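Lettered A, B, C and D in written order, each chain numbered from 1.
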């Protein structure tokens, strides 16, 4: 039986000072997140600007996360590369650093050739040779590829493929899959505005970028859901929507980093090609944080 | 205050005998649906193959529905045309036949020109001149156009624009809008696999094609939700997903009609360019109906 | 042998006075176009705002065109509807008014169901029953559907399917098809910025919206091409690009109508939901017309 | 004045033996290509499976190409990474190996944030710091991003941005740009089925994957064009279309490699996640090569 991933995981930001990764600030953030009721952390996810940092920087981040994470906090690392071989190599480098699982989005550069068959072969080969369990990652908004339900079902039969992070947030997709997946397979929503509905329909947890800015609120929503207080949970979920939209769509990672800066954590700048947030976004995010009681 | 549309509305099929519309069979179906706990009916929706029938046929269908619908059942008619003028004309023809509201999807042929400004002007002009309330209809899978949240907000200020049917089923879109809409504005989900999550997040009801095939199940899901039995409601919602997928995606309207035929209602053929269902679909739909206890 | 459509066809605008169709102005425009070296006219094409006008208005336009067109000018009418039945009916109404051919875009509302098989059945049924030859119309920018090369090949075997109007302007698509089509099949480009390259690769002509604004220039490009003066033709084609972009993309039909007004023809307003051109577009179009020597 | 890139460049395949890059076979292929009338080579392009090979492998390929290329053959290396910083670093590593120019596609993972402003800043930063000239690379089919004409115009003002490789093959896009670019800016088409039309409209050359399989035919098409024999050139261009489609769409890089194997060059296997070509493709490619006289 695979370990089931339950609860809220923060998809951690990668802090930079100037254009250099800042492991001290990364550690400090994690130490603060440790105090929250989070199940664990994703390092090198999309929110972590994974595609913008080098392999060596990636290693330093994962080492730092492993050391800083409180006991019992799960560490998941994003390890996808565009080829099967490079993905396996990098996944095992991360496995050697002690991550609990690898989050693997599909190769997407050769889109037209990424048929179900090609993706299946890719993920199975990675799962066969990875020394840690694999969580498949569907994020069509970034990859331009939507994984089919049938592919997920077939992959879920592999003992080393233990979960799905689904970031399109399509609840009907979850509904189509949830009863047909193995009992120990983890369905983790990757959308901060729709994770309560996903939990209601059977998801075991969520991996959330917005959990960097509002970890307590995310954790509380999950707790209320678990306690059967669905109405209260729905109220919190709706409370979260405007902030989630601001930091995921309107202002993106730059906005999310700003939201951390405002709360005394370290957000700092984004790395190019992402652009810094425009001034006008600051007032909007300030207002959203105030409304949520996250700043005075 | 606008009347709030609550509960489950069936998006009615249009029955044909041969290639002619069959108002007798249409009436018989409605008489049977009247026994169910449905709030009302949509005539000339996408499920009704609205784009494939003539104005004169449309009138006959609406007349029949008006006569056959039990007292208290709301009748909503799909009335969109590609120009503002033609939409107004047709909406008022339907108004004259006694429909309670008009469901209006955006013009979409000149996609690149259907800016927020153009769509706003269109819907406001229709609302100004329509003799019945307007429900805006977002169905990007058919129109190739997604209505922006901001457009819906601006349209919701018009006293004669009273609701939204949202058929993409995107729950985060609902979350973004629901608290910012007027209290008497109706948010109606148009997706049979995600309406419970939508209700949880604040939708007032749903307009469902699958309600033709499983009206009691849809209505019961709504009732359980209203009684606060969310867990039981979620079970029913998940029960419904495979049938909904079969009749909305895999086999489409031809599959939905078959599902009616199997239950002793009248489904009959689809009109070209829709194709009849392939044989193999029949066994699949039979199995799904059996599993739901809808056939023996 | 089908008649081969060669040369430049103007996709005629539909003039309105206020919101009413203006057949006098339509006639006057055609009389002026008759003086140009154009092969004929398309009435009720996309440029003619076909989706925004009623059947009865359509008939008046076609009657007017038939009467006003000089002897030898071909009249093609856009006759597509969303169902096979409605398309056949309307096509034959237009046939009865004396059009030489019908231009038929695919049904596209039920996009997900418009498989190659469904589209083939549709077009074959229309061709079987139409009393005039059919020209298939590929315009993915408006329909959201791209016709496959293989579908065109199969349709081209039907004796009453005599041509393709291809408005995506994709030259590789033409290259894929041109040698495999029957000798008497007409490949007509529907893109004003790429018709010379299409002619070079084997197209027999073009149906152009921009020919309303610059008929002589379009006709001359074709003539130079026919005379083997490819370099001079390319110069004219490039001359035409900025105007074509302005009236097809930046400002659309409203811009095209303005370009007619400025030259002493009748453009007039567009019908809603199309919006009037913004002021700033006027100066841009003026400059483009001046540069082409079309206004003083 | 920047050097103008004229003529046909082969976008070289990366040969593997098993799953290891095969520099000997790569050298042998280049030695054979040297005999053809090609202007140069692109190493690490999409055709070279650039996203599937490591930095160290990339260096070995570029070194090999530099050594093997005949005097006067230009070497262009694909050097894009997802961040500005990583792109600059890798570009200059390649510059140090003696490449003549770098081909840089846009970052595309954070699609929604890759506004014109972000892309402009990215490309300008790369151009500022690159020690070799930059050729911007538009390949929306792989990146999911289309570069705007206006962006290209603005980038073309930078002295170190010297060209565009345009792989969508959209001739109207070329028409929109060609007269507004600096005289020494190179517009290179990246589509084997549409490069003659592009040349006719002002492109200075083409970077072609199909030139691996049919270098002489590509080169001859260019030569005929230059000699003003447009009709003969068009015949060759059309001859090339079926092979180009087979190796670019139907069978992809695996098919292209097979086409080399069949001609006595080295194609070999593709690297996962690309799949080997299915058996049935072999007969089709054999037939196409035979028809072109490339095999007996």
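FYI, contacts are C-beta pairs under 8 Å (C-beta built on N, C-alpha and C of every residue); 3 or more make two chains touch, one makes a residue touch a chain.
No experiment lies behind these values; they were computed from the predicted model shown.
Across the two candidate interfaces, A-D and C-D, the one carrying more C-beta contacts is A-D.
Computed from the mean C-alpha positions, the centre of chain B lies at a distance of 49 Å from the centre of chain D. As a whole-number value, the distance joining the C-alpha centres of chain C and chain D reads 35 Å. Across the assembly, chain B contributes no residue that touches 2 or more other chains.
Chain-to-chain contact here is organised cyclically: the chains close a single ring, every chain touching exactly two others.
Those residues of chain C lying in contact with chain B across their complex are 19, 46, 49, 51-54, 82-86, 106-107, 109-115, 117-119, 121-122, 125, 141-144, 249, 252-253, 271-275.
Listing the residues of chain B that touch chain A in their complex gives 169-172, 175-176, 178-179, 191, 193-194, 196-198, 200-202, 228, 230-231, 234, 237-238, 241-242, 244-245.
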